[in-house]
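In the two complexes that follow, chain A is the common piece, with chain B as its partner first and chain C second.
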Partner chain A sequence: MFKEFAKGLSITFKHLLPGHSTTVQYPTVKLKPSERFRGLHRLVPSQDREKCVACYLCPTVCPAKCITVESAENEKGEKYPKVYKIDMLRCIFCGYCVEACPVEAIEMTAEYELANYNREDFEFTKQRLLK
Partner chain B sequence: MTPEMLSLSNSPGIFIGIMLVKLIVVFAVVMLSVAYATWCERKVIGHMQTRLGPMRTGWHGLLQPFADGIKLFFKEDFIPAQASKVPYLLAPMMILVPALITVAVIPFGPDITLFGFQIPQQISDLNIGVLYILAFAGLGIYGIVLAGWASNSKYALLGGVRATAQMISYELAAGLTIIAVFMLSETLSLRGIVALQQQDLWGVCSFVPNWYVFTQPLAFCLFVVTGLAEINRTPFDMPEAESELVSGFCTEYSSMKYALFFMAEYANMIVIAAITATLFLGGWSAPLNIAIFTMIPGFVWLLLKVYSLMFFFMWLRATFPRVRYDQLMQLGWKVMLPLALANVVITGLVVVILQ
Partner chain C sequence: MVNLTIDGKQISVSKAATIYEAAQEAGIHIPVLCYAKKLLPYGACRVCLVEIEQMKGRLIPSCTTPVSEGMVVTTTSEEIKKVRKTVMEFLLVNHVLDCPVCDKGGECDLQDLAYELDSTSNRFEGEKFDLPTDEVNPLIERNMNRCVLCGKCVRVCDEIVGYGSYSFINRGFETKIATAYDRGLNCEFCGQCLSMCPVGALLPRPFKFKARPWQLKEVDSVCGYCGNGCTVTLGVLGDRVETIRFNDKIGVNDGNLCIRGRFGYSYVNDQERLTKPLVRKDGVLVETDWDEALQVVSDGLLKAQGGQGVGFLSGARLTNEEFYLLKQFAKTVGTENVDHSGGECYKGVTEGLKQTLGVAASTATFPQIDKADVILAIRSDFYETHPVVGMVVNQAIRRNDAKLLIVADKKGKLNKLPGAKTLLSKPGLELDVLNAMAKVILDEGLAQTEGVEGVAEFQASLANFTPEKVAARSGVDAEALQAAARQLASAKQGVVLLAYGLPYQGLNKELATAAANLAILTGIPGREGGGLYLCGEKSNSQGAIDLGILPQNGGLGAQAMLAGASNGKLDALYVVSEDPLSSYPDRDKVAQALEKVPFLVVQDIFLSPTAQLADVVLPAVSFAEKDGTFTNAERRIQRVRPGIPSPGEARSDGAIFSALAGKLGNNLSFTSAAAIFTEIGKDVPAYAAIGFNELGAHGKVWGGETLSPASRKLVAVGGGTTVEGEFQLVVGSALYHSGTVSTKAKGPLAVLSEAYAELGREDAKDLNVAEGDLLKISGNGAEIKLKAKVDNRLPKGVVFVPYHFADAEVNRLYKGEPAVSVKISK
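What follows is the complex of A and B.
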């Protein structure tokens, strides 16, 4: 019994010695998320416009129904999204939109600090998503 | 000729002045220790669990006790419906006051000569010092029971009831371990006990002092364990037991009343560490009778011993889980009490034989 007590005490004392802490001091030190991390969305641009062809596959597959797309045609007769909005308050970061996209126009970044003060700031428009 | 001992009869003015100074200094030291014990505990336990503990208030969270204090001040002071108001208000005071009062008999240095009088470095040298400590240790429990009863909450009541049962089981064993010390010292005055512990070890080894931990190692171990149980520290924190009783007797308390319970817990820890240091570790005396050590003032040694013991208590808290209630009772009545009794009998036999 006393041997076990001593063993337990020695383990905790070992942890007390410097260099055993596993804490990351978050706001000052930030860990790099993994490559497959699903953070904030990004619309991939091509040369002059976004790659998106407004095929409606992402709002269809989205389980949280957070994507709003309105398609239109430009002067060259190409389809493009006139409106592309993601409601970040509803998004569950499942990544289905990325999987569904036939032209790889949407991807997910490592950005995870999405807190904000106003409800309106969570509506990510095309301009914000293209950044 | 040694000067006269300062007392109320030979110089009332100086006596009262000196007494006030001593009271304020001791109170300030205890309160600061209480404040920083909370910080130390969070730090020590944090690091032992490979965390960092408070880091963001001041350098390494050094201002955390003050931040906590200010926060608790501004919390809503809440009294539950149908709580018994008077006992509810009285309970936090009844738990803190005995804890603080006990410090009065702890000597923290040799007598000093000032204004032509001999002044003891102790608030009051009672000739029944240890009885006084035991009495106030027993009184402290009323606060817990009253808090549990007055809160009108089942968790609080259970915590209070547990505290009584635990107190009775462990107070007995603690008292018996101290008896073994009296048998050797033949005095109940803590000043006398410290003076005796400064002599040579067993009258032969001149540079090691005669600390009672060397003559009474079993009593020392028993007293530390029963002391932990008496002040409701982990692994014996049954009256609080967050995982079972929410927060036990202080479940319904908020604001400064909760802060008083919190302070009492740490004040109790300081007191039990100070008593252990005084009874077994030579109080304010140096660990070796050599010039370099004896030159350091007594209160440094006492604080060093107290803080080491408190570190040990925190270490235990970081390491061991809470004991089950039946284990607690079994340990108290079937292990601690017989061991303490046996220790008294053996000590008595040895004292008689050596006479």
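What follows is the complex of A and C.
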């Protein structure tokens, strides 16, 4: 029995040694999230505009109702989102918007540092989302 | 009745039904694309294929196959599903899949069908069309790349509207829907086609990219324009009416609308709407709050009532409940001077019909027109004033072989309907033609005189109206007149149509009386099927009459009020929902009255020319913000429901009357429109039998579907008179507009933006006038300038001018007569 105790504790002590820690010194050290991580949204640009065609599927599917879209017609007669906003305080990062998008115009990035001081700063407009 | 089995279910249906209709009745779903309830079976899409036991070996389209006794139908099986899926694949070979940007997405029949049949791939490959879209016209966007060739637009335009804009052109894969010579669309713009389109090939342009269908709140209400009382389903997004949704489930119109109903909604969202009360201070109208405005109004009215008195001039677009409150408010003020719509134009109903039939309303309902065998339309303008009733007339002709007779001074849409016989008379002499028809019927012994009073006197009065004499005077062919009279007399289900409104004041009472005489002689009023229809121009013209917004107990009528205001016999005028300066005949008289009257209150939604002269302007609300009822021209009481909040501080007319009456010591406060409606029942017996909450999907008709006349009395009316002179000017309604308010709506304005003077080709040639030339028209001591419009609608010597546009000042020429003698020069 004593032998087992020693065996177990040796694993514990081994982890106390340098180089075996899983925590990192955030913010000086940052972890790379997995590829499937659902962080801040990004609107995908195409050549001269956003890829989004304002089909309204993302605000429709969004369970948190955090996406606001207003469509309009541009000079070429195309449908485009005049307004595209995500209220990040409401967003639950479920990724349904990405799944619903028929033109792959919205994706989720690895960006997870979303804390801020003002309520307004959580409103991500089209310009911010296109970055 | 025929018995058949569908999916093992025993069903018994009428022998005229198709398999599809039988299945629908039994609650069995069969997918369709090209089927529409109101159109004739067509069988273009082949989606509704079913299997019939007796016809094994091939599948049968259920929407075109009539039922037969003992039929055994299977609507779903593996094979049927496979075939339907293949049909879908064919349909999707050329159809562009731009659902994300297509406004139909979400209510697209093809999309739903693809989902239902689980069509995820296509075995066939074909070129997607890349045809240019028609964006020339302002209202209907045509994108033929999305078309599935179901032919619904072609059929509705032909079968229902009777215009025939579209047809299939080319063959095979190249087939497409096009207009004549494949030009841009130039039609009535009623938008029936886009309401029928199962895909996004035809879409309302004003609604382009505005919203998705599922975002819209749908509110069923009644159109605020004409007296037809069509159901409009407002598509509301936020606090704006963004579109009018298709709805054939409720109402009298079967989903049919005209340009005004479908595209004329934008004025309710207009930025220029009044949002605060205005009071004149130091000669300028300034914004103020309600407390001050109401105080100024009540002080002014009290002072005037202590002096020479107050007059109330109302429009005919208030709800019944508001009319009731107006009446009570007038009583509170202590005046009997209450009238509406210029006071003259409705006299055909209140006096013409009253003295002959003893009722003041149309005697039957619109659906009965559909089954009529002979229809007499007096004045061709009926289609222009009431387009959706005109569509019913078209269906009666096309589906049930009804014969259409027209007595008019000009041609119009109705004359183009198949088999229409027109008795084209000189302006003002339609009355003589009607009298002559009555004479023919009496002289030839075709009249139904049982129980009819005054036959002998009437017959004696007609001595001067032999067909020959009338033919000589009016220019109508005597034989055609006789034939028309005989045809009307032979009608089993006859219909007589006449519209009234502000531009149709001349001889209105006489025409209505003559029409009633004719109807009585041919046994029309009170008989099941068909009737005599006198249809008001505004959405609640009939309600205004029912609720007695008329000069009663010695009160002054509209014209007397205006005269009184000019010569100091009236100290205040209260104008509600009306723009007399723009729309009443004799502008100078109206202007003088409005300027001279010491105290003028105007209650309206826009700062109209009349409102600009007012001492106090109170902001009212549009039909889309009101709760209550309208009574349409067939006596149908229907619910009006609020769809959007009122802009700023605007209040409903009813709320304003209540508040003012409260200031004057009469607490006119009611909990709801329903409570007021119950009160109305105490004053108007016909309304007492109807419960506000029982109005339901199709409203309730007071007096029953067929109103029995209280009397059948023939009343002699003299003939009309023509005016001398080279040109006779007649005013009237243009198809695209209704009253003056539609000139604030973008849809109708996009098609017709200004007044015009319409001439026949012959006259245009004589005057050397081309379309668009500026004409000087002088007569009645005034001159106006209008652009010329040339077509073949008008006989020689007749000029037509629509009355809707305030800035054209047409009413400087038009003073209420049937025709004005004018001179025209370039």
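Throughout what follows, the second predicted complex is superposed on the first by the 114 of 131 C-alpha atoms of A that agree within 3 Å, B and C clash if a C-alpha of one lies under 4 Å from a C-alpha of the other, contacts with A are read in each partner's own complex, and residues count from 1 in each chain.
Operating definition for what follows: a residue touches a chain if its C-beta (ideal position, glycine included) is under 8 Å from a C-beta of that chain, and two chains touch if they have at least 3 such contacts.
A quick note: this is a predicted structure, and the numbers were derived from the prediction, not measured.
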First (chain B), second (chain C), both or neither touched by A:Gln25: first
Touched partner set for A:Thr12, first chain B, second chain C, both or neither: first
Chain A residues touching chain B - in the complex, by the definition given at the top: 5, 8-9, 11-13, 15-16, 20-23, 25
Touching residues (chain side chain B, partner chain A) in the complex: 44, 47-52, 55, 315-316, 318-320
Touch list for chain C against partner chain A, complex: 99-101, 105, 135, 208-212, 214-215
Chain A residues touching chain C - in the complex, by the definition given at the top: 53-57, 60, 71-73, 77-79, 102-103
